[in-house]
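Alright, structures below, take your time with them.
In what comes next, chain A is part of two complexes: it sits with chain B in the first one and with chain C in the second one.
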Partner chain A sequence: MSVYAAGIDIGSAFSKGVIFKNKQTLGFCCIPSGGDYRATAEKIKKELLSKTGLSSPAPIFTVATGLGAKMVGFADVIRTELSCHARGIITIFPSVRTVVDIGDSYSRALRIDEHGHLLKFLLSGKCAGGSARILKKIAKILQVKLEELGPLSLRSQKQVDFNTNCAVFAESEAVSRIAEGASKEDLLAGIHRALAAQVNNLAERVGIEKDYALVGGGAKDEGLVKAVELMNGFNLVVPSEPLLTAALGAAILAEEMAPA
Partner chain B sequence: MEEKQKGMWPLVEKYYQDYGSRARELKKDGIKFMGYICSFVPVEIIRAAGFVPFRIRGNVHEPITKGNTQLETIACPFMRSCFDLSFKGHYDFCEGVIIPHACDSMTRSYSVWKYSLGLPYSHFVNVPHTVNAASLQFFEAELNTFRKSLGRYAGKEINTAEIAQAITAYNQLRKKVKALYELRKTNPPLVSGTEMAKLLTVTAGLPVEEANLLCDQALDQLPQRTAPSDKKFPRILIDGACIDNIDLVQLVEESGASVVADDLCLGMRDFWPTTDVDQDPLKALSRRYLEKLNCPRTFRQSPGGSLSDDLQARFGDMGAHIKEFGVDGIIIYVYKYCDPFGFEVSARKAYLSSLGVSILYLEDEYSAGTIGRLRTRIQAFLEMMG
Partner chain C sequence: MAEEQKKNENQKRRTATKAASMIGPMVKELIAATHRAKAEGKKLAYTFISCHYEEIVRAMDVVPVWTENFAGICGAKRDAERFLSRAESLDFSRSLCSYALCGIGFDQWREDLGEMPPDPPWGGQGRPDMMLSSGQILCDPRNKWYQAAQQFMPDVPNYNFSIPWPLYDDDIELTEIEPYYIKYIVSELKGLIAFLETQTQKRMDYDRLGELVNLTERTWNMIWETYELRRAVPTPMDTGDAMNTMVPWAFMMATQESYNFFAELNRELKEKIARKEGVIKDEKYRLLWGGGLPAWFALKDFNYFNSKGAVFPVETTYRLIEPIYRLNIPDTNDPLERIAYRWFRYWTYMYDKAKKRPGSEPDVERLIQFIEDYKIDGVVMHEAFSCRTWHLGLIWQLSQLKKIYKPVPFLTIGPDGTKNVEHRELPTLILESDIIDINSYSEADTRNRIDAFIETLESIKKQREN
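Moving on to the complex of A and B:
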């Protein structure tokens, strides 16, 4: 009897889990990471188990990944989110060779081969510049929901020039633009363009080869996706659940590694 | 018995943790110390003048505070940390400081070192940036100026025989270190990268005789070790400037790799080249430091015309070490604002890629906090190689 395989990805903003058996996803979940990663991991495990429909706890082989991977007390193996993203995305889109994960604390650019093996990677700097953190800050300043950022940005008539790469300084630059009378739409379009430039800078440095996928929280923002597409002149691929790629990759690795 | 097995390692640990502690002890016995920074200061001349050359070291665990009052943050963080500790009095047993014309951060900060520390002696060694007959002649004359200057301070004339003697002592040390590196060729290696980094850092703050003794003890003891396990880890070479703290090497080894070789100032870059003994000592020293010491601060003209000739002339020694030590992957580790290494990264990558080894490029500040944040990159690199 084969065991269940789980991938748990503890990120700085959200923690994600995927449960897997016989190459099929049986269920997934995504909850805010909060301040206690151990408890968050346990919560995900419980939720994943409930999705298998099993009444009693079943043996699960777990691969943990992400910033808080070490806090997943029940993990059998730990793998970096880079390897997990690579395996996850190739399973969803076999044609992808370049991926940028726009996360809360980092953005990560990956070049992968047809098997989902990592060929090259690059992380954004040591600070949150170039990550999706700036989107959260801007949403707060503009008092809009995160999911409204994309639609608002796409309605822009005249994007503002936005220059700051630093997530902290960006806040004051945004306030200055508002003071100058910029509309929410134009301000957001400017920010999306600035962030897209940073995303593309990472991708260019690992070398863009089509298909090019965006994943992570930032990929849920269609304004940002559009800005990256405009910069490249071609369409990107984005999975329907872009936050789950690393957890899925971890679950796939778990099934491969699990003792028969 | 257990203590005996540990051999000289507890002493190495003590000197590593409290760098300069041996100098403070020896100073009480009247031994004189002369501080210097970088591999381009000819320690043989300092030694011949009757001083113990003491390599000024930084500390990635100590935030730079006082040093930043004299040096802006655009200056190399490694050099700033060295200056910060000196300025705070950590190395006040040194009678002076000698700075070479190595990189801009050192050259432009010489006056800051000289006037802020206010030490009885200071000297700037003008090392040329090119290697040719004229620059070698110039450098030999410059070394003679340094010899006279230091001699005046020491109240003696530094004679050729004394320099020759110091050359022999430092050549011995370099040969012993080379013999220790032989123990890293086995898979798994008999000595870890972390242990070697500690030992080599420590030797730079000791009289050469004591450094030789530590290496002798290590050479006696290490071959008797049995490899800790059969487990073979990816074999890594670290390429960069001066790494005088073990933190990066330790992080790489904790992540499941063996650091078996390097291209670092406190490593193969400095310990590999010896000084010829069959010619005039100053001429031989000028050749060792200018021609043999391979650092990007020195411009090397390619003998051929093609890019691959150029890369071979600049990095061929590293290529040979990669083969010799069975290296699987290279970590290029560059400090922020390090111009000499920073400008060369793409050339280094191009050369190393042509050898078919995996490469990870890391840019970092000089602080333990930022080194920790490199963990994910290092782990992913090892996963990629695995």
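Moving on to the complex of A and C:
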């Protein structure tokens, strides 16, 4: 009997898990990471097991990834988010060659081949500029839910221009624009355009080749996706669960690596 | 105390060669020697590396104090922050060259106290009697740093000289312009000598200068020959060590000790090659350190690459030498002309090669040469945010390289008509931090990037095997 394969992705905002067998996803989950990654990993494991009806002693081969991968005490192998995203996205969309993961602390651009092998990558800098962190900050300032950002932005009539790429400065710039009377819709459209420019710059540096996919938390924001699409002049590919791509890739790698 | 010492030892970078492990004590001695010289009444001069004035300074018995070296030491010891902060408190922007900021912060503190700042790294930087600045290699801080330092040392003269070379252009005709450049550089060197003669009240001994120029040329040849030994597979020495062995090149040129050091390294590398002893046991990936100064506080990252099966047989950083025969320096007995030709031709000898490849540039040609000669699998560069001079061109160089090392397989036909499919994808990695400002550095982020890069190399290797 082959073992079950699990992919656990401990990110700075959310942690995700996918359990896999015979190339089929049996279950997945996504929970806030909190401040104790070790406990979060255990919680994910428990949740995955409950979804599949497995008992804990069942043989599971686990690949951990993400910022807190080293905290996954039961992991058999650790792989970077980049390799996991590559394997995950090529499984969902075999035509994808360029991927940008818009995460909470970084954005990452990847170019991959038809097998999901990583050919080239770039990460945004050490600071939060270019990551989805700014979206959380703006949502807090505007007192709207994260899922409302996209629809609001798409209703913009006249977007506000932002002069900074820095998440901290953008926050204070947003406050100034509000004071000048900018609407929520226009402000968000401006933020989305500024972030889209940074994200797309990373993609251009690895070389944009279609299909071009957006994944990670930022890809759930349709306003941001639209802004990147406008910048490129073509439609992007976004999985239905963009937060899970790396965990899925990790699970696929786990199945390949698991002892027979 | 013993525990602390043990901890510090554990933090030391692991060197592959005995020669590299000797560098720490050598640098300490270099600094101690400047303090002894000062006590003996000799003249100290603040100096920058790669200005080709070493022979002149030494022939005049002026003792060089290498300010970039001292800043690097502060960085490597992770003790630069207090000097950077001090410069910042004097209204120098943190985005300026952090070498310069560190030196300015240290100098101001020393001048303020009238003695060395507390616990000065390796004894501290001695007060100069003069400063010799030059903005060549397009580095503006090397013009402005010492001028700024004069705010705290108004009595110390600063001599700023210029030894230019022509920037690359497709239609440049070197033979037409070289005589003008040589004439100008020689006049600048003469100006420097006149300044030193005034400061030391001594006349230049041109015979001695000639001997030192010969010694430098022999040392260049020895360095080139020695570093070329690193082409061996497995490579016996990598860039981690070269960031140490740069010391006798950068700070000891025109001394017999520098020549002897490289002769000894040459012998050591030949022995290691004979024993097939590499930097690591299982060499999987050969990388080129394609530019940028290193993060001096994070040299252990080279060991991290090694732990993943990657080695750096070659680097462009601190490899600013060529074998003298390759430069075809015209016969001349004038040591100043020899220096001028060496300078001019070092910077321009790749121009003809670059002209033959549309879109290329000399810097890119140098990368290509190393990639081919050293059987390179990937290129790593370091963008040090405060070193504008260097990191501005790195991304452009990589984009030019991308045009040559394309991600698609292509067909080649050998001389015998055999067809082969070749893959020339060359993955690249850009590390981002600084030379000495540790605030710019995240070990977790850097190692995450390295891990991903290694996975990329692995992917490409598998792809080629398939």
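The rule we apply is simple: the second predicted complex is superposed on the first by the 257 of 260 C-alpha atoms of A that agree within 3 Å, B and C clash if a C-alpha of one lies under 4 Å from a C-alpha of the other, contacts with A are read in each partner's own complex, and residues count from 1 in each chain.
Convention: a contact is a pair of C-beta atoms (placed from the backbone, for glycine too) under 8 Å apart; a residue touches a chain by one contact, two chains touch by 3 or more.
All values derive from a computational prediction rather than experimental measurement.
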item	value
Clash or fit, chain B versus chain C on superposed chain A	clash
Which superposed partner A:184 touches (first chain B, second chain C, both, neither)	neither
Superposition-derived comparison: chain B or chain C, residues of chain A touched	C
Touched partner set for A:207, first chain B, second chain C, both or neither	second
Partner chain(s) touched by A:21 [first = chain B, second = chain C, both, neither]	neither
Which of chain B and chain C A:115 touches, first, second, both or neither	second
Partner chain(s) touched by A:123 [first = chain B, second = chain C, both, neither]	both
Common interface residues of chain A - those touching chain B in one complex and chain C in the other	67, 79-83, 117-119, 121, 123, 126
Chain A residues touching chain C - in the complex, by the definition given at the top	67, 79-83, 106, 111, 113, 115, 117-123, 125-126, 205, 207
Sites on chain A touched by chain B in the complex	67, 79-83, 117-119, 121, 123, 126
Contact set on chain B toward chain A in their complex	365, 370, 373, 376-377, 379-380, 383-384
Sites on chain C touched by chain A in the complex	395, 402, 407, 425, 427-428, 430, 432-433, 440-442, 444-445, 448-449, 451-453, 455-456, 459-460, 462-463
